[in-house]
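Next come two complexes built around subunit A: one with subunit B, the other with subunit C.
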Partner chain A sequence: MNRGIRRLVVRLGGWSGAVGASIVLAIALAALLAPWIAPYDPVSLNLERKLQAPDAAHWFGTDQAGRDILSRAIWGARVSLMVGVLAVVIGLVGGVGLGLVAAYYSGGLVEQAIMRTVDAIASIPLLIWAIAVVGIIGVGPVLIGPFRFANEFKLLVLIGFLYMPGLARVTYTVAQIEAVADYVRARRVQGARDLAIMFGDVLPNCLSPLIVQGTLLVAIGIVVEASVSFVGLGVQPPTPSWGTMLADSRNYLFSGEWWLPVFPGLAISVTVVGFNLLGDALRDMLDPRRSTGRLIA
Partner chain B sequence: MLRLIVGRLLFSVATLLLVGLILFLLTRLLADTPARIVLGIEASEAQIAVFNRDHGLDRPILTQYLDWLGRIVLQGDFGKSFITGLAMNAELARSMPITFELVVLAFVFALALALPLGILSAVLEGRSIDHVARVFAVAGVSIPGFWLGLMLIRFFAVEWGWFPPGGFSPLSSGLGPHLRSVSLPAFALGIYYVAILSRMTRSSLLEVLGTDYVRTARSLGLPRWRVLIYALKNALPPVVSIAAMSFGYMFGWALIVEHVFNIPGMSRALLTAIGQRDYFMVQTVVYVFTAIFIAANLIADVLNRALNPKLAGAG
Partner chain C sequence: MNAPLLEIRDLRVGFPIADRMALAVRDLSLDVMPGEAVGLVGESGSGKSVTALAAMRLVAHPGRILGGSIRLGGDDILALDERALRKVRGRRMAMVFQDPQTSLNPAFTIGQQLLDTINAHRSLTPREARAEALEALAMVGIPAPERRLNSYPHEFSGGMRQRALIAMAIACRPQLLIADEPTTALDVTVQAQVIALLRRLARDLNLAVLFISHNLELVAELCDRVVVMYGGMAMEAASVEALFSAPKHPYTRLLRQCVPRLEGGQERLLSIDGAPPVLGQMPPGCPFAQRCPDALARCRSDEPPSRQLDGHSVACWVAT
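Then we have the complex of A and B:
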C-alpha cells in the first residue's frame, strides 16, 4: 500500500478513525456542494414518477410526490450538519467561558454561582424540552430585522444552550488542574491579565477533551434534530431533511416501498457513525487517559 | 453521607422549583393566551377578561405559579386543562404507566445485555468477541432508535408477522399479546443504552484489571472468577451511576419511540396537546418528565458518591 496513505491512517488513529474522518468529510462535501452534485431538484414535484423503486435514473427511488430521494438525502445533509455543528459551537462558546472562569476563580463565590447554575441547567432534559419549547412557540420562522430564521434555528439554539452545562463541566474539570500549575503562577507574576491567562494559556491546554466531546455531541445533535423533525416540530417542509423524510415514509410502512424509510435512515446512521468513530479516534489520540467521561443523551 | 444526601435533595428541589417557573413563564409569555384559543380571534376584550377571571388567569404570574405548585404538592392535583377541561390527573394516570413500563423494560433489557457484554469484552480483550462487541457498540450509539423502530416494524411485523406493527395491548388482554406489543419498542429504546453501558463496563473493568492489587491477587493464586468478582466490585460504581442517569434520559427518547409504534403513552398526550395548543397539558407533561429526570440524576449522584469511597468524604 501507498506509504503516504498508511501514514495518514496511523495519524487518524487506525482504520476506524480514518473511516470516521472520511465519512465526515464526504457528508460535509455533500452538504456544501448539494446544488451541484444532487442529480435532481429536491423539492420539485413530479407526480407521474411518484413512488418509483430505485433504478438507473433514481438511485434511491422517488417519494410520494415524485421527488428524487438521493437528491433529498444530499440536501438533507445541510440542515443536519448545520444544526449539529452550530449547536456544538454555541455550547462550546458558553460552556468553555463558564468552565474557565469557574476553574480560575476556584474556591470562591464566583465558582459556586457558576457551577450551581450549570447544575441547574443540566437538570433540563434536552429532547422533551426541545419538543415542548418548539411546540409552545410554534414552528413558524422567526423574523429578526431583515433576517428570517427557520424553525431549525430555534432548535439549534436550544440544543446548544443545553450542551453548555456538559461542556462547562468538562472545561472546569480539566482547567481546575491547569489553573494551579506553575506556568499560570508564572504568567501572573509577569503581570498578565486574568482573561489573557484564562483564554491564552489555560484554554489551549484544555482543548483535547473539548474537541473529543464536541465531535461526539455533533452526532447527538443530528439525532435530536432528526427525532424532533420526525414528530413534525423540527425542520419544516419544503426544506428537505432526513427526519421529515422518515416521517413521510411512515404512511408506506405496510405497502412495499421499502426505499422510503431505508435511505434517509441510512443517511442519519452513516453520518452519526462517522462522527462517533472520529470522536473515539480523536479521544485515543488526544486524550488517552480519558480525563473526562463521555457525555450521553 | 446523610448530610450529602440532604444537601443534594434540597438542591434538586430548588432546581425543580426554578425550572418549573421557567416552564410556567414560557407557556404564559410565549404562547397564545388560553382565552384566545378557546374563544377564537373574534372574541371581545370583555369576553376574554371574563374567561381570565373565571380561570384565575388575571392574577400575577408568580401567584398562579405558586397556586399551581401548591396544589400539586399539597393535594396531588395537577389541575384541569383550560382548553379541553380534562383533569390532568386522569390523563397522567392513563398515559404515564404505559411510558413508565416501556422505559423500565428497556432499562432492564439494556442492563441485562450490557453488563455481560461489557464484562466479556474486557476479560477477552482483543479477542474476536471484543471486536464484535465494539462494532455492535458503534452501531448501537449511531442508529437512531426511532429509525430502528421503523425497520423493525417493516420487517418483523409487516413482512414476517412475528410482532404487531404497533399499538399497545394492555395486560388485561393477556400476558402474551401484551409482551409482544411492548418488545419491539423496548428493544428500539434500549439498544442505544446497551451500547453505552457495555462500553462503560468494559473500560471501567479494564482499568481495574490493570491495577497492582489485581495483579497481586492473581499472583497469590486466587481463582480467576474470584479475582473478577473483586475487580467488578470496584469497576461497577461508575457504570451504576451512568445507568441511573440513562434511566432519566430514556424518557425523552421513549416519546419518539412511542410515536413510531403508536403507543398511547405520554408521547401521544404531549403531541396531542401541542396540536390542540393545550399548553397547560404540555406544561404538566414536561414538568413531570423534568421531575423524573432530576430524580434520576439525584440518584445517580448519590449512588456515585456512596459507592465510590474516594468521593464519599468530599462535599
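Then we have the complex of A and C:
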C-alpha cells in the first residue's frame, strides 16, 4: 500500500478513525457542493416520474412527488450539517464560558449558581426540550429586521443552548484541575488579569476533551434535527431534510417502495457513525493516557 | 538605615477549621531591606509559604488575612484594589514557586509565556519585548536563548524550567523576588546552581530576595538575614552569622543539630522529639513548648513576646 496513505491512517488512529474522517469529509463536501453535484433540482415536482425504483437516471429512485431522492439526500446534508455544526459552535461558546468561570471562581456563589442551573437544565433530555420548546413557540420562520430565518435556525440555536450544560460540565471538570495548577498561580503572581488567565492559560489546556465532545455532539445534533423534523417541528417543506424525507416515506414502508425510507435513513446512520468514529479516534489521539493503546478506566 | 522595602507587621492569616479561624500565621513581623536577601526558614506547616502568599495577597480561599499590615516601598498592599494589585504583582514584586514542573503552562512555548509577562506590565513594541525576553533568558544562564524561546516546557529539564521561571520573574525588573522553596524539587547540584544564580541576580539587579526554605544550609549560602518560623510565629530573627554561630532560641539550636555534617562528630543524627502542632489544635503559649527541652510552666500558658537579645530578635521566655 502507498506509504503516504498508511501514515495518514496511523495519524488518524487506525482504520476506524480514517473511515470516520473520510465519511465526514465526504458528507461535508456533498453539503458544500450540493448545487453543483446534485443531478436534479431537489424541490421541483415531476408527477410523471413519481415512485420510480432506483435506476440509471435516478440512482436512489424518486419519491411520491417525483423528486430525485439522491438530490434531496445531498441537499439534506446541508441542513443536517449546518444544524449539527452551528449548534455545537453555539454550545461551545456558551458552555466553555460558563464552565471556565465556574471552575475559576470555584468555591463560591458564582460556581454554585452556574453549575446548579446547568444541572437543572441537563436533568431533562435534549430531545424532550427541543420538541417542547419548538412545540410552544411554533414552527414559523423568524423575521429579524430584513433577515428571514427558517425554522431550522430556531432549532439550531435551541440545540446550541441545550448543549451548553453538557459542554459547561466538561469544561468545568477539566478546568477545575487546571485552575489550581501552579502555572495559574504563577500567572496571577505576574499580575495577569483573571479573564486573560481563564481564556489564555486555562482554556488551551482543556481543549482536547472539548474537541472530542464537540465532534460527538455534531452527530447528536443531526439525530435531534432529523427527529424533530420527522415529527414536523423542524425543517419545513419544501426544504429537503433527512428527517422530513423519512417522515414522508412512512406511508410507503410496507407497500414495496423500500428506497423511500432506506436512503435518507442510511444518510443519517452513515453520517452519525462517521462523526462517532472520528470523535473516538480524536479521543484516542488527544488523550495521552491512551496513546499507548492501553485502556485506563 | 534606610526604610525597608517590604515591611510586614503583626501579620495574622487564618483558615477556617471547624467553624473558627485557625491561625496559620500569628503576629509575624518581618522586614526586607532593598537589595537584601532574607531567609524564611521553618518546617512544613510552619506558615512560611502562607506568609509569602500573603505578601502577594494571594492567600487562597478559604484562608484570609485577619490582621496586621504589609507595606511594599511604603504602599499598603492590603489596601490596594485588584487593579493596583495587578500592577504590583510581577512588576514590583515577583514570585517563584517550588515546583518548576507545574509552574509553566504546558500549552505554550517559553517565549510566549515570557512575552505574556513582559507585555502585561510594559508597553513595548514586539521587537523590544522579544529583546527583553532574550535578555531575561540570557541573564538566568539559559544557553542559546534564541532557540529556547520556541521550546515548550516539556523540552526543558527541571533546572532549566526553574531558570525560565526566574527569568519570567525578573523580566519586569521587580524590586523584590519572593522565592518559595525554589530548589526543593531539584537535584542537589542544580540546587547549588540556582542559589548561585539568585545570588548573582540579587547583586546585579539590586534585587531584594525573600527566600523561603526548610534547608538551613541553602539559606546560609544565599541570605543576609534569617527568620525562623514555627507554628506560625517568628521564633528567632538574626543575621546569618549570628544565627549560625550563636542561636538563641532552643528551637533554632535543635534545628542546627538536626543537620548532618560530613566532618563526623555525631554518630546518630539528632531529631526533635514530637511533631509540630497541628493547625486548629494550637496549644496556648509558645507553639514549641511541648517539644522544647527547656520549657518552663509559663511557656505552656503565655505566648512569648518578641524581644531583642544581642542583635537577635527572639520570641522565647527562656533564651538568654
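We adopt the following convention: the second predicted complex is superposed on the first by the 287 of 297 C-alpha atoms of A that agree within 3 Å, B and C clash if a C-alpha of one lies under 4 Å from a C-alpha of the other, contacts with A are read in each partner's own complex, and residues count from 1 in each chain.
To be clear about the criterion, contacts are C-beta pairs under 8 Å (C-beta built on N, C-alpha and C of every residue); 3 or more make two chains touch, one makes a residue touch a chain.
Since this is a predicted model, take the numbers as computed values, not measurements.
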| item | value |
| --- | --- |
| Partner chain in contact with A:D201 - subunit B first, subunit C second, else both or neither | second |
| Subunit B versus subunit C as contact partner of A:F60, first or second or both or neither | neither |
| Which superposed partner A:W75 touches (first subunit B, second subunit C, both, neither) | neither |
| If touched residues of subunit A are counted for subunit B and for subunit C, the larger one | B |
| Partner chain in contact with A:A181 - subunit B first, subunit C second, else both or neither | second |
| Subunit B versus subunit C as contact partner of A:G191, first or second or both or neither | second |
| Which superposed partner A:F161 touches (first subunit B, second subunit C, both, neither) | neither |
| Where subunit A meets both subunit C and subunit B, residue numbers | none |
| Complex contacts: residues of subunit B adjacent to subunit A | 11-12, 15-16, 18-19, 23, 26-27, 30-31, 138-139, 141-144, 146-147, 150-151, 153-154, 158, 165, 196, 200, 203, 238, 242, 245-246, 248-249, 251-253, 255-256, 259-260, 270-271, 273-274, 279, 282-283, 285-286, 289-290, 293-294, 297 |
| Of all residues in subunit A, those that touch subunit B in their complex | 16, 116, 119-120, 122-129, 131-133, 135-137, 219, 223, 226-227, 230-231, 233, 246, 249-250, 253-254, 258, 261-262, 265, 268-269, 272-273, 276-277, 280, 290, 293-294, 296-297 |
| Partner subunit A, residues of subunit C touching it in the complex | 56, 58, 61-62, 85-91, 94-95, 97, 99, 102-108, 116-117, 120-121, 165, 168-169 |
| Touching residues on subunit A, where the partner in the complex is subunit C | 107-108, 181-183, 185-193, 196, 200-201, 204-205 |
